[in-house]
Amino acid sequence: MACSRYEYVKGYEQDDRILPNVWIVIRIDGKKFHKFANTHKFEKPNDENALHVMNVAGIGVMQEFRDIVLGYGQSDEYSFVFRKDTDAFKRRAAKLLTYVTSLFSTSYVMSWPKWMQQPLAYAPCFDGRIILYPSDENLRDYLSWRQADVHVNNLYNTAFWKLVLESGLSNQQAEQRLRGTLSADKNELLYQQFGINYNNMPAMYRKGTILLRKRVLQFGQDEQDKGRQAIVPLHEDLIGAEFWRKHPEILGKYVPGKQQLLDEKSLPKLLEQQLTDHMEEKARIS
Amino acid sequence: MACSRYEYVKGYEQDDRILPNVWIVIRIDGKKFHKFANTHKFEKPNDENALHVMNVAGIGVMQEFRDIVLGYGQSDEYSFVFRKDTDAFKRRAAKLLTYVTSLFSTSYVMSWPKWMQQPLAYAPCFDGRIILYPSDENLRDYLSWRQADVHVNNLYNTAFWKLVLESGLSNQQAEQRLRGTLSADKNELLYQQFGINYNNMPAMYRKGTILLRKRVLQFGQDEQDKGRQAIVPLHEDLIGAEFWRKHPEILGKYVPGKQQLLDEKSLPKLLEQQLTDHMEEKARIS
Amino acid sequence: MACSRYEYVKGYEQDDRILPNVWIVIRIDGKKFHKFANTHKFEKPNDENALHVMNVAGIGVMQEFRDIVLGYGQSDEYSFVFRKDTDAFKRRAAKLLTYVTSLFSTSYVMSWPKWMQQPLAYAPCFDGRIILYPSDENLRDYLSWRQADVHVNNLYNTAFWKLVLESGLSNQQAEQRLRGTLSADKNELLYQQFGINYNNMPAMYRKGTILLRKRVLQFGQDEQDKGRQAIVPLHEDLIGAEFWRKHPEILGKYVPGKQQLLDEKSLPKLLEQQLTDHMEEKARIS
Amino acid sequence: MACSRYEYVKGYEQDDRILPNVWIVIRIDGKKFHKFANTHKFEKPNDENALHVMNVAGIGVMQEFRDIVLGYGQSDEYSFVFRKDTDAFKRRAAKLLTYVTSLFSTSYVMSWPKWMQQPLAYAPCFDGRIILYPSDENLRDYLSWRQADVHVNNLYNTAFWKLVLESGLSNQQAEQRLRGTLSADKNELLYQQFGINYNNMPAMYRKGTILLRKRVLQFGQDEQDKGRQAIVPLHEDLIGAEFWRKHPEILGKYVPGKQQLLDEKSLPKLLEQQLTDHMEEKARIS
């Protein structure tokens, strides 16, 4: 059939396999989310429910792509770390990049109504990029960079919106007030003027959300049981060494089923939601 | 702040600008859509409404990215052609690829409920790839390849499902019956056994859907008016020369506002829907 | 044997096939040739013999790689154009790039003693790069860019060195004298002050050297004979349309043995040398 | 001037910076060196002088490019290892690749007459490739792979040429005799039939040549002196751990001037030659 006459065009596709033995990070960013947040009236400086939508989308990605060992979300961005020795999709860059971006995007839209009152006014859009890190140190520095970023931005935004929403300053006045201030100054301002101890604010706002694979023991199970695997959201400091000591499976050789055990009682609410959803979905499909 | 200590990791992002002066094709494919179609009980061999969801998603992408001159959809795939001299996103491959893939994905999910009875059982996922074609002939051959593909597949599927659904053959029996047959044989089988003239079947099934930018005259406007721009779905043969004579703006130097005029009376239904939706959406945002 | 344990490292080599159907240009540049020229006391502003060494190296490259349709040399650089549809070395970028760079380099060193009095003081070094041009117009513009470059530089250098060598200006004074002058001014200066009509200077200096594949008729042969193939050096204007009309085989579909016939009487000296060398070399090997 | 009209073509050059923090290996291979060796009547199975030409070319490359920490040569190939954190030529792949390939090529031709009786019959040609290794282990495995390769080949070739040159077998007969034999068999054959203890053959043939940067103490200098830097050829086993313990500077953080001291008395002959050449060359240039 005439197909064959045209099939030579397949030869124009180019191989894009990623170098073996490097950490593959895929970072998703919202396109024009400033406008998107305004259109959908996100709370300032943080909209808890909008962050849940992001986190649920992140969990959806990690449930599908088993070689992602860590997710990290903050604001309108999410990073996913594939283990160094993954051979998922033969390490083809475009496949990995678009699957993750697409599934994050559709999961975002689908989980939106569970958390948000207002319907989506238009289709949101995310870009994705791949960054490769050869060493464990590089990878830790990347994640530290993103978590330092959320700290800087959130401290600023918290002070800014307090000044605007509670002290009645205009945006411009608040900007001027904060220009040139250091972290210590902003902490002091929040404490003196608004009685807020910044370190007591929700960890999700200050630290972002780390997604890890853990085994979760359910009521009645003990350590001998394998538990069930879950994607667990944490809001911890990942810059210091403590985090990496507590979660050695991230950088370690991948051993299926060997992730740390967590007790179901200690689970955060989002995880419970996730478990429930998962069961409902299974029921729906079958 | 400590940010700067980690910022060196930004230097690991690699430049991925696309060679100038080549056609950029982005093709989106559904991930495991065979299973997806079964789960959502798509009609066989073609589910008209499911194809509309694809087309509406394709239209959404072209409304957002103005440098796409043509879209082409069939089955669970969609191709988008950026004009040769586009400088959108500085021709950065990952940006172009992920924006298109993400917006297609979210648009698909958002338009689903307008056309489909059954709710989405789970988040669909698409992959995307970039293919570069240096010459106009290469580009035409690419599109011909995709349209020849839909012809081959659809003729086969039409015969197959007639045998299964109307003649009561098992899948295996139908497969055996069709093994080794030529196009002429399948045409004959459809005509003799089921009284079907294949060429009279809906053009969308036989030819796929071509999306073009056209100006549309509304009631009362004449050729002097600029009309309004719309993304128009067509189901024509694009392999022959006639199509390219009729739509010279695709390969020609891009001249804004110079697309062919269409008369609103000649518009297909999907386009009307698109126009209506667009106005509703505008009303909703403002 | 233990080989196999390590052989996985071969998998780290990455595919670098060049997009089909684009012009492949490889440009070689001398590394620090300013110093190299001084060390070897090149004549200023042009050392005819040093240019011959470059040209002979260029001819050596084209004799070996049959899919190069044109070479263009000026100063310490040489460009080679592979025909659009070459499949040499499966279009692998590194293979093409390094073979051409290496053979140019070794040919340069080997032909040095035939043209230069002074022995090589140290090993010269060249870098190479690949540039892809999708359209014929792009390719012509590339070559025009290089030829316009030689014109600008040579006119400047001719005036500069006249001022230094004949009028006794210091380098700095000559530079100052020429600062801000247009081409017309420099032409005028050469004419008024040194009685030189720039257009009568050797074409090789003003136009660079174009290498083309031609069939050459030898004494006694007529047009019915195939002649023998040779790489012919020309010093013509290639910016205007005339050049491309005269040598249609460059951009045309490649037809082996169909290159233009040249009469041996019209051959430049370098070509004669090339033919003689070639026969001597053949005699030497066999 | 008209230059500017064409200068847009510069924009078609593509960025090719190498990912930071990975080992950059460049391997040079002779093109059709089987034929080249026959034309120049290389001794079988190893031509000591031809290997010296290779080694001197390798030394020339390392003298010029200071960020190469190790060279490894065997047969008609040479590998060069750039330290992980090199920023030479901004890590641009084509620059690194072609400079190394070109300088190796010209050095090869220039040192040829010092070692070989027969003049070069034609210009030799080498290809080069870049391979990236993220971890130290990968790099060691790469070098082990090349050294295991020389062992396998040299043992075979030694046995093969003994059978041909001393036992009077035809090439085909020798091939047949060795088909299916293991290393132990070939060792035994050499010992029984030719009285050769393979392990006593020259280390350069069995292990290839490793080039390292070392400080060399000259007569009368003691450890307090800095000595002079030299590229030292070694013929050691690099597969085992011992080599890496003895030469920690290869994988270690680069500290200029901190390479291991060697005593001039222990220097191999090639190194002496290199030191002498270097001084002659310096004298020639100045």
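Letters A, B, C and D name the chains as they come in the text, with residue numbers starting at 1 for each one.
Definition applied: a residue touches a chain if its C-beta (ideal position, glycine included) is under 8 Å from a C-beta of that chain, and two chains touch if they have at least 3 such contacts.
Everything numeric in this text was worked out from a predicted model, so none of it was measured.
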Just to be sure I understand: going only through chains that touch, what's the smallest number of steps from subunit A to subunit C? 1
Given that subunit B and subunit C are copies of one sequence and touch, is their interface built from the same residue numbers on both sides (over half shared) or different ones? same
Cα centroid separation, subunit B vs subunit C, in Å, comes to 48
Between subunit A and subunit B, the Cα-mean centres are separated in Å by 31
In whole angstrom, how far does the Cα centroid of subunit B sit from the Cα centroid of subunit D? 55
Residue list for subunit D, restricted to those that touch at least two other chains: 12, 14, 19-21, 132-133, 138
Across the complex, what residues on subunit A touch subunit B? 1-3, 5-10, 12-14, 31, 39, 60, 64, 94-95, 97-99, 101-110, 120-133, 138, 141-142, 144-145, 148-149, 151-152, 183, 239, 281, 284-285
Parts of subunit D lying in touch with subunit B, wherever the complex brings them together: 11-12, 14-15, 17, 19-21
Can you list the residues on subunit C that touch subunit B in the complex? 19-22, 132-135, 138
